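Below are two complexes that have chain A in common, paired first with chain B and then with chain C.
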Partner chain A sequence: MTIVKLADVEFGVELPVFEPDTSLANVQRFGDASGWNSPRFTDHEHARKEGFPGALVPGIMSQGFLAAMIHRWAPGSVIENVDTIFRAPVIVDVAHRISGVVTDIDEDTGLVEIDLTLVNAAEETRVLGTASVRLPV
Partner chain B sequence: MILDLHAHSIKSDDGRAKVQNYCQWITTRNVPIDGFVLTEHRQFDFESDYSELAQKFNLTILKGAEVETEYGHVLVFGVTKPLTEEFDFSNITLKLADVVAAANKHGAVAVPCHPGRVRVGMSAHIEEHGVPEGVHIVETFNGGSRGNEDDIAQTMADKLSYQGIGGSDAHIVSHIGRCATRFSAVINSELELVAALKSGEFEALTFKEDAA
Partner chain C sequence: MSAPLDVEALKEEFLFKVFDEKTFSFSGQALADYAIACGETASRYTDPADADFQAPPTIATSLQPGQRMPKGFPKVAGLGMDAGKAVSPKAPIRPDVELLGKSHMQDIYTKTGRSGRMVFFVIRMEVFDPSGTEVASADTSVVIREKPSV
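Coming up: the complex of A and B.
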């Protein structure tokens, strides 16, 4: 269900699960566009030499995935902030999944709080956080 | 009675959950716990009073702390004003022996948490510092554990004859209750929690698969 206004939202409702494109090609495209193109992000071998299990998805790109997920759910919403806690690296070319759930609704201000969790295939939380989203009242 | 013994609210620097939203989540999602303990990082929250929320949602809401030692992070249950004057809760280089001694002196209980975690867990530091004195309970189920961290914790607990507790380590609303502890006693206060922990009549639980 696409969310248009605040009345469409209920406490505890889950956003559609989002599977971000963490492929090396996509991360390289993001790097070229954003300037986040350090080989740590775009070259598995280089990242391994730095002690990582593989190239890393930039944190700012993970935040972008979170925002994209919210806008797919509520295209007309305004994201006031995305507050992230990076628990572990998000590795390029590894499948991940983002879930979101509404955990607070302020009917006076139109603000909705969303819990966001990015996990890998082993269900390990890599990134978590919250977003404040404004919807028309 | 089942309590999540490890949760953080917006009072912690990395906590994003309001306590009332934890309550609302537990109630609307039928999370199988009867309450939780707020273990804010490097502090004890004297100012917040959650008794009205507890009554409204029929939950037990207690307070503890999570402090930092050379053996990693440690939950402290039964914190009192005199205990907070024994050592600086905000100090990230506390000695576990000092925390345990102060807890014992003031009728509290110190419990190393996520002990299977690299850097901030006790298991990783035993080789360097040895087996600490005075630890009887560790957190064997932590809602934020990755990989085999809980297995490492349980193996260590078995080897050293520690009892295990469970806690979600929730920092956001929807993670509350992922792990918890079942007590045979009814617990409505920090004093009763300490007594229940000292009685040894409890077991660690995980609901992580249910939550996935």
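Coming up: the complex of A and C.
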């Protein structure tokens, strides 16, 4: 269900799961656009030499995934804040998915609080996020 | 071996003092590529020809100051890690607009566990458009696990 206004949102509802594109080509595209194109993010061999399992998805890209997921759920929403904790690396070319749940609704201000979790295929948490989103009342 | 940081003295000396100013600008295509790579689908983020075209809301966290810490800030012995980022968009960021990022130390605090003390530094960048309107703020948290002084 696409969310248009605050009345469409129920406490505890789960957002549709989002599987972000963590491919090397997409991370390279992001790196070129943002300037975050260190070989740590775009070269598996380089990242392994630094001790990582593979190239890393930049944390700011993971944060962007969270925002995109919210917009897919509620296209007209206005994101007021996204707070992100990086628990563990998100590895390029590895499948991940993001889940989200509505944890608070303020009927007066139109603000909705959402908890977001990015996990890998082993269900290990990589990124945690909390977002505050405004919807038309 | 190094003495533990005097957090209260650091707060007194460094909190809320702007230590870096840097300008930034994004082309429409760069903003669209940033948004598309993140998975945005709305044309206001993905199509530079859209009448309401703007940067994706988290873009301010991608802006990096010219210097990461204030001048004179002590070198901390320990393992540093990026602990998290928070972003608060306040107004649309448009393409080809010169943005000014002003960075200051927003907070310094500690947490102590069984493995020792961890010190958190929160650097806040406030981003302004040419009219002086604040369009976003972005916090970067860095945590350092202090090496034991034994």
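The definition used in the following text is that the second predicted complex is superposed on the first by the 137 of 137 C-alpha atoms of A that agree within 3 Å, B and C clash if a C-alpha of one lies under 4 Å from a C-alpha of the other, contacts with A are read in each partner's own complex, and residues count from 1 in each chain.
Just so it is clear, contacts are C-beta pairs under 8 Å (C-beta built on N, C-alpha and C of every residue); 3 or more make two chains touch, one makes a residue touch a chain.
The structure presented is a predicted model; accordingly, all values stated were derived computationally and were not measured.
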>> Under the stated touch criterion, which partner chain does A:R72 make contact with: chain B (first), chain C (second), both, or neither?
In response: second
>> Which partner chains sit in contact with A:T125 here, chain B, chain C, both or neither? Use first/second/both/neither.
In response: first
>> Looking only at contacts as defined up top, I'd like to know whether chain B or chain C touches more of chain A.
In response: C
> So, does A:N26 touch the first partner chain B, the second partner chain C, both, or neither?
Replying inline: second
>> Which partner chains sit in contact with A:D83 here, chain B, chain C, both or neither? Use first/second/both/neither.
In response: both
> Which of the two partners, first being chain B and second being chain C, lies in contact with A:G12: first, second, both, or neither?
Replying inline: first
> Touching A:T103 in the superposition: chain B (first), chain C (second), both, neither?
Replying inline: first
>> Once chain A of both complexes is superposed, is A:S38 in touch with chain B (first), chain C (second), both, or neither?
In response: neither
>> Going by the contact definition given at the top, which residues of chain A touch chain B in one complex and chain C in the other?
In response: 83, 85
>> Using the touch definition from the top, list the residues of chain C that touch chain A in their complex.
In response: 26, 29-31, 33-42, 45, 56-59, 61-62, 64, 82-89
> Touching chain A in the complex: which residues of chain B?
Replying inline: 14, 16-18, 21, 24-25, 28-29, 144, 146-147, 171-175, 208, 212
> Contact residues on chain A for chain C in the complex?
Replying inline: 18, 20-21, 26-27, 29-30, 32-36, 59-61, 63-69, 71-72, 75, 79-86
> What residues on chain A touch chain B, complex-wise?
Replying inline: 11-12, 83, 85, 87-88, 101, 103-104, 113, 115-117, 122-125, 128-130
